[in-house]
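What follows is a set of notes on a single structure, which appears directly below.
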Amino acid sequence: MSAALLYALAGAALFAIGLAGLLLQPHLLRKILAFNILGSGVFLILVGLGQRDGTIDPVPQAMVLTGIVVAIAATALALALARQLLDLTGQMRLPEDRPDAEPADD
Amino acid sequence: MSDPWLPALVVLSSLLPGLIIFFLAESRIRLRTTLNLTGALVKLGFIGVMLWGVQNGREYVFRHTVLPGLDLVLHADALALLFVSLSAVLWLFTTLYAIGYLEGAPNRSRFFGFFSLCVTATVGVAMAGNLFTFFLFYELLTLATYPLVVHRGTDKALRAGHVYLAYTLAGGALLLIGTVWLYGLAGQVDFVHGGSLSALPPEAAGQLQLIFLLLIAGLGVKAALVPLHGWLPMAMVAPAPVSALLHAVAVVKAGAFGIVRVVYEVYGIEFAQSLALLLPLAIAASITIIWGSLRALFQDDLKKRLAYSTVSQVSYIVLGVALFGPLGTMGGLVHLVHQGIMKITLFFCAGNYAETLGIHKVSEMDGVGRRMPWTTLAFSLGALGMIGVPPLAGFVSKWYLGVGALEAGMPWVLAVLAASSLLNAAYFLPILHRAWFKPASGSWPDEKIPQRGRWETAPLLLIPPLATAAATLATGLFAGAAFSPLSWAELIAVREYLAWIP
Amino acid sequence: MTPALAFDLLLIAALLWSAARALITADVFRAVVLFIVFGLLMALAWARLGAPDIALAEAAIGAGLTGALLLDAVGHLRAKWRGPER
Amino acid sequence: MTDFLDPLPWLIMLPLAWGTLAFVLGPGRGGRLAVAAIALQGALALQLAGQLIDSGARVYAVGGWGAPLGIDLMADGLAAVMLLLTQAVALPLAVYARGYFAASPKGRELFWPFTGFLLAALNALFLSADLFNIYVTLELLGLAAVGLVAIAGGRQPVTAAMRYLFATLLGSGAWLLGVALIYGTYGSVSLAVLTPLIHAGAPLAVTLAAALMLAGLLLKTALFPFHFWLPPAHGGAPAPVSALLSALVIKATFYLALRLWLELFAPLTTVAAAQLLGVLGAAAILWGSVLALTQSRLKMLVAYSTVAQVGYLFLLFPLATLVPPGTADSALAGGVMQAVAHGLAKAAMFAATGSMIVATGRDDISRLGGVGARLPLTLFSFGLAGVTLMGLPPSGGFSAKWLLLGSALESGQWWWVVVMIVGGLLTAAYVFKVLRRAFLPRAAGDRVARVPRTLEFSAFALALASILLGLFGAPLLELLAVGREA
Amino acid sequence: MKAWLTALIALLCSGLALALGAAMLALPEFAVRLPGQVAANLDASGVAHPVTAVLLNFRGYDTLLEVAVLLLALLGVFALSRHASDHAHPAAPAHPVLQTLARLLAPLMVLVAGYLLWIGAYAPGGAFQAGAVLAAAGVLLRLAGLLPAWAQPGRLLRGGLALGLLVFLAVAVAGLPQGELLHYPPALASPLILLVEAGLTLSIGLTLAGLYLASAGWRQ
């Protein structure tokens, strides 16, 4: 088993950890962390599997660079939303109540 | 003007004015009236041209491919023209009547817009050249009549509209399933004389019976076949011109006409007979005839009594269709026209009573013949026609139905006809007796339009029922003349079916 | 077991541990710090995978900038301190 | 192929460019530019469709490298249909949005840049033939959509945007994991390279990848039971945004699911999986319709209607999987027709809804009295759109239903017929719930203001298009067939 | 959340991890191999570093869209900060040592960014890393209280943010008369890529910094 494959397996574990965190953690900040961990897991799988035969593969590496930028973009947007929600509701979690039961904002 | 466009123009002659009227301001009365009447007259003109053409053996077919294997076909054959002429003529009268009836009422642009759409749909139903086209206009009819039914916006009207939609949309769904199934089985099913399904392999018989059931159930909702008739008495809350149109030409007739098309031109009467479909249909029609008449007996509300009478009378058409033989066919087809003329007269008169004197109930009609002699005369002609008194229109229909039943070897139908006629007499004659012979009980419930010289009510309300009442008499008296409904029905029977009937 | 393999296994264990801790730690601030540690460990992992470009980017963006954003948000949350922390 | 005016690359570059320029121009600016540019995009899409009909599907190698080293774009009939739909919906909506934000300025500042990027993402997604590139377009699309939902601010929209963001990120995460597994298995992400490599006995990794990618797409398409994020997001955003999202954004992920199912992963599909998708679709139809019926807010009703209508799209999977070719073709045609018809009709419906809310000043079905009298054209548009959603003839929705019903009966799967018919009746129930209210006279104390003409006419144009589609749908099906002969 | 639901999700996630692991251990030989193709075409790409070649040439189209994603995220942050209760937030006073440090480090970081940008053509580095360093400089200056928060960017700043994407777009379509989208003529590939990278560095630096500065503007 090559080292690359080992990291890919670690990536699978990270994906599962991140997924569980995303689904189970009610706190938005932690959901955002979980999403980043999930993404890191996928990146490891992408490069790890791509290099499982031991050769360096610049294509998945370039893809991961793209992916990291996308991830920070998403993280920044998510954080901005979470902060806005904090300002509006005083909580950093998604309200459980049914959205259609709320009065319209207009 | 090329031939394919004539059927399309007949449809457009009410569609376009209707769409324009929607967007007219409420106050543009003169323009709206002009558009309405011009549309009606232009339509009559086109139909006249086609009547002459079809008499001389010409074909008018408009075809547009919507999807591969799915054509929109408008086909003005003799049968279509029978129904189209009826709708166009009665539309003209009803429009005149509605203008008078709704004078000063709110939301008239909307009313007349949907009114025109409703006639467009009826004309489309009449000229549909295949099941898909029929279904298209059939559903359009549902959508166009709903706003008319709820026009008054009262809770009662809204509830009636609810029931109406529930029935008709569910019926439409059944019709759609039947149609899709049939198209899958037999490809595009155009309406052709003698039907086109007999060529299918015999294994398909079971499926075809099931499809027939779906189609008839779907059509039976609008034709108010018992037990699918529940919406009709409730829809009485609509304004009188709407009830007149619904009962005489548009909705119930569309259902009955669809049954005619399905039996004669999709299945073919011989093939339908061989699948043993006609006897159940005749039985369903007979039950409806008797049931409707029985229920009518016990209604005090005049319009409700008329509504149950419609339930009963429309099934005469279905009964005629189910009678295996040319005379029965003629009876059914001619009743399509005769019932329309008679029933519209009755509804016009009911509207006049309500609008002029506030009379809604039979029990309030004592002595009304002296206050409104012309209206009551028209009413009497319509009622007697319904009972089948010679030489009025209804007699002609019943005569041919009776003879047709004997020809088809179903003598029990005579008993149904006799029973129904007795019941008709039982629920109409008391009304006439009250109106003509009982003294008035003092003041009327709500007198709105005072007597002005010779005019017992507004002229626009009086002329249409008198005209249609005269037609009731004329179609009966001159049933043998050229272009009379009877001779046209004979033309259809001879030209379109006799070749296939042994 | 070669030293390289041992290092890899150790690094992976540290990655998984920091990731899991970051998601279950009670204190949000500590969670964010753990996440930054996780990001730096990821940079190491990328270097081990022969991807120095990603290692650079991960350290600068994944750990650095994301960390700064997260810390700022935690500060915002603490300043607000109306809802429950967890 | 090296034509400067080749429509294919410009369909992606143009919206990117005007979206960016609108941002540079400043808050709220760029509406006129957008309308002009979208009109041009529409012309380009038509030109591309013409090219395809004349000379078949085309492949475009970005940068001239060609797959697998470079990225390929691919335009076939299906892609062209979606491109046409996108521009056809976007143009009236852009006109509408100009009027809408003039009357109701909340959220207008960044609407145009977001919309430009959204359209670029859609066009790029429809044309992409590279799994990783599709991932990037998915992220562009998702972030643009989330940004649009949050654009007006407020507790409900921001909550909805947050929920939507997590859903869409999880969806694209699953997609990317699938891409990683595919690349790890075969060493390429190009559809053209991969399609011949994948066969029935593919490794476990590929099956897992297929499942993950499909699940991610279902989440983004809001198929039942993944629909939880959609109603608040579509019901809370400003009307032009709701229209764009309901009409186009969920169609994009549906399009990808369809592509994967019919092409890349076709050898792996099973009847059981197809039936499962159909069952989820059926559940969406029934559940969405019933919930739509119970709503008291107009926009939420329309949003739940989207949940239901998405269900119809997924009925195509059981109808097109392992059935005779003719049946599958008509199911595909029906499904795509439904996507197009729903796109036009739902855009019209949200646009009309927005006008009604602007006119009455509130989003409340029980306060719609007087709308019929004051805004007849808007109500008429709502009704026409409703006709399409109910699947009554003549409309695009009917054509779709006709084709789907036909293939259901042909393949003996009558249970889908029942679902479609019941769904149609439920649709009628919630559409008439609105119409009935709007017909009533105005209640005392309520106000119904006039709205700008452009609002009324752009909604009407969309509604009319959804009806005309039913009468002139044949050319669309001809276009759809381009590239599907094999 | 109900305990059994938590357990179920945890179980499913572990199951997924195991399935993924099993799948990864059972992979066949690669059917296609790209590293060789990258190396073979490196000369024609205009850069000597394979990752940069993939990022800006072979798969440059991905990068183009990705830059749009980044800008889009910033737009989202702007859209949200617009509704925040307090916009103009004065820079918090910082420790004088930090201020001095920032004053010294910031120019140095700009230099490093320039170096990373230039070296990207040959070795690890490039626009994203350079942009990230630029952004870090911005964050540092903000922390030192030397930069104001920007909730409402002016026209100049908006132009700077969009510049990278606009340059990239212009270069992408400039090749259309001679070839496909994003086709660089081999002779011009090097300078064109450098031009694109320069624009990107500036815009990515501004955007990444903006993600921080725009949201840092509404701390209460």
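Going by the order they are written in, the chains are A, B, C, D and E; count residues from 1 in each one.
Everything that follows uses one rule, which is that a residue touches a chain if its C-beta (ideal position, glycine included) is under 8 Å from a C-beta of that chain, and two chains touch if they have at least 3 such contacts.
Just so you know, these numbers come straight off a predicted model, no measurement behind them.
Trainee: Taking a step as a move to a touching chain, how many steps at least join chain B to chain D?
Mentor: So the least number of steps between the two chains is 1.
Trainee: Return the chains common to the contact lists of chain C and chain E.
Mentor: Expected: A.
Trainee: Identify the chain whose mean C-alpha position lies nearest to the mean of all protein C-alpha atoms shown.
Mentor: D
Trainee: Just grab the chain with the largest centre-to-centre distance to chain E, centres being mean Cα coordinates.
Mentor: Comparing chain centres, B lies farthest from chain E.
Trainee: Farthest chain from chain C, going by mean C-alpha coordinates, please.
Mentor: Relative to chain C, the chain with the farthest C-alpha centre is B.
Trainee: Which chain pair shares more contacting C-beta pairs: D-E, or A-C?
Mentor: Result: the pair with more contacts is D-E.
Trainee: Could you give the separation in Å between the centres of chain A and chain C, each centre being the mean of its C-alpha atoms?
Mentor: Spacing between the chain centres: roughly 12 Å.
Trainee: Using the average of all C-alpha atoms in each chain as its centre, how far is it in Å between chain B and chain E?
Mentor: The separation of the two C-alpha centroids amounts to 72 Å.
Trainee: Can you give the whole-Å distance between the Cα centres of chain A and chain D?
Mentor: Measuring from centre to centre gives 26 Å for this pair.
Trainee: Using mean C-alpha positions as chain centres, tell me how far chain B is from chain C in Å, no decimals.
Mentor: 78
Trainee: Which residues does chain E have that touch at least 2 chains other than itself?
Mentor: Where chain E meets two or more other chains at a single residue, that happens at 20, 24, 27, 30, 33-34, 38, 51, 58-59, 62, 66, 69, 72-73, 76, 80, 83, 128, 208, 211, 215, 220.
Trainee: List, in ascending order, every residue of chain D touching at least 2 other chains.
Mentor: Those would be 132, 136, 139, 143, 146-147, 150, 153-154, 158, 177, 181, 184-185, 187.
Trainee: Send over the residues of chain A in touch with two or more other chains.
Mentor: Chain A, residues with two or more chain partners: 8, 13, 15, 17, 19-20, 45, 48-49, 52, 56, 61, 63, 65-66, 68-70, 72-74, 76-77, 79, 81-84, 87, 89.
Trainee: Looking at the whole structure, which two-chain pairs count as touching?
Mentor: So, checking each combination of chains, I get A-C, A-D, A-E, B-D, C-E, D-E as the touching pairs.
Trainee: Where on chain B does chain D make contact in their complex?
Mentor: Against chain D, the touching part of chain B is residues 22-23, 64-68, 70, 72, 106-107, 110, 132, 135-136, 139-140, 143, 146-147, 150, 153, 158, 161, 165, 169-170, 172-173, 176-177, 180-181, 183-184.
Trainee: Which residues of chain E touch chain D in the complex?
Mentor: Within the complex, chain E touches chain D at residues 19-20, 22-24, 26-28, 30-34, 37-38, 41, 57-62, 64-66, 68-69, 71-73, 75-76, 78-80, 82-83, 155, 158-159, 161-162, 165-166, 169, 172-173, 176-184.
Trainee: Which residues of chain D touch chain E in the complex?
Mentor: Chain D residues touching chain E: 1-4, 6, 9-10, 13, 16-17, 19-21, 23-24, 26, 60-65, 68-71, 107, 109-110, 113-114, 117, 120-121, 124, 132-133, 136-137, 139-140, 143-144, 146-147, 150-151, 153-154, 158, 177, 181, 184-188, 193, 197, 203-205, 208.
Trainee: What does chain C use to touch chain A in their complex?
Mentor: Within the complex, chain C touches chain A at residues 4-5, 8-9, 12, 15-16, 19-20, 22-23, 28, 31-32, 35, 38, 42, 45-46, 48-51, 53-54, 57-58, 61-62, 65-66, 69-70, 73-74, 76-77, 80, 82-84, 86.
Trainee: In their shared complex, at which residues does chain D touch chain B?
Mentor: Per the stated touch rule, the residues are 372-373, 376-377, 380, 383, 387, 392-394, 399, 401-403, 405-406, 409-410, 417, 421, 424-425, 428, 432, 436, 439-441, 470-474, 477.
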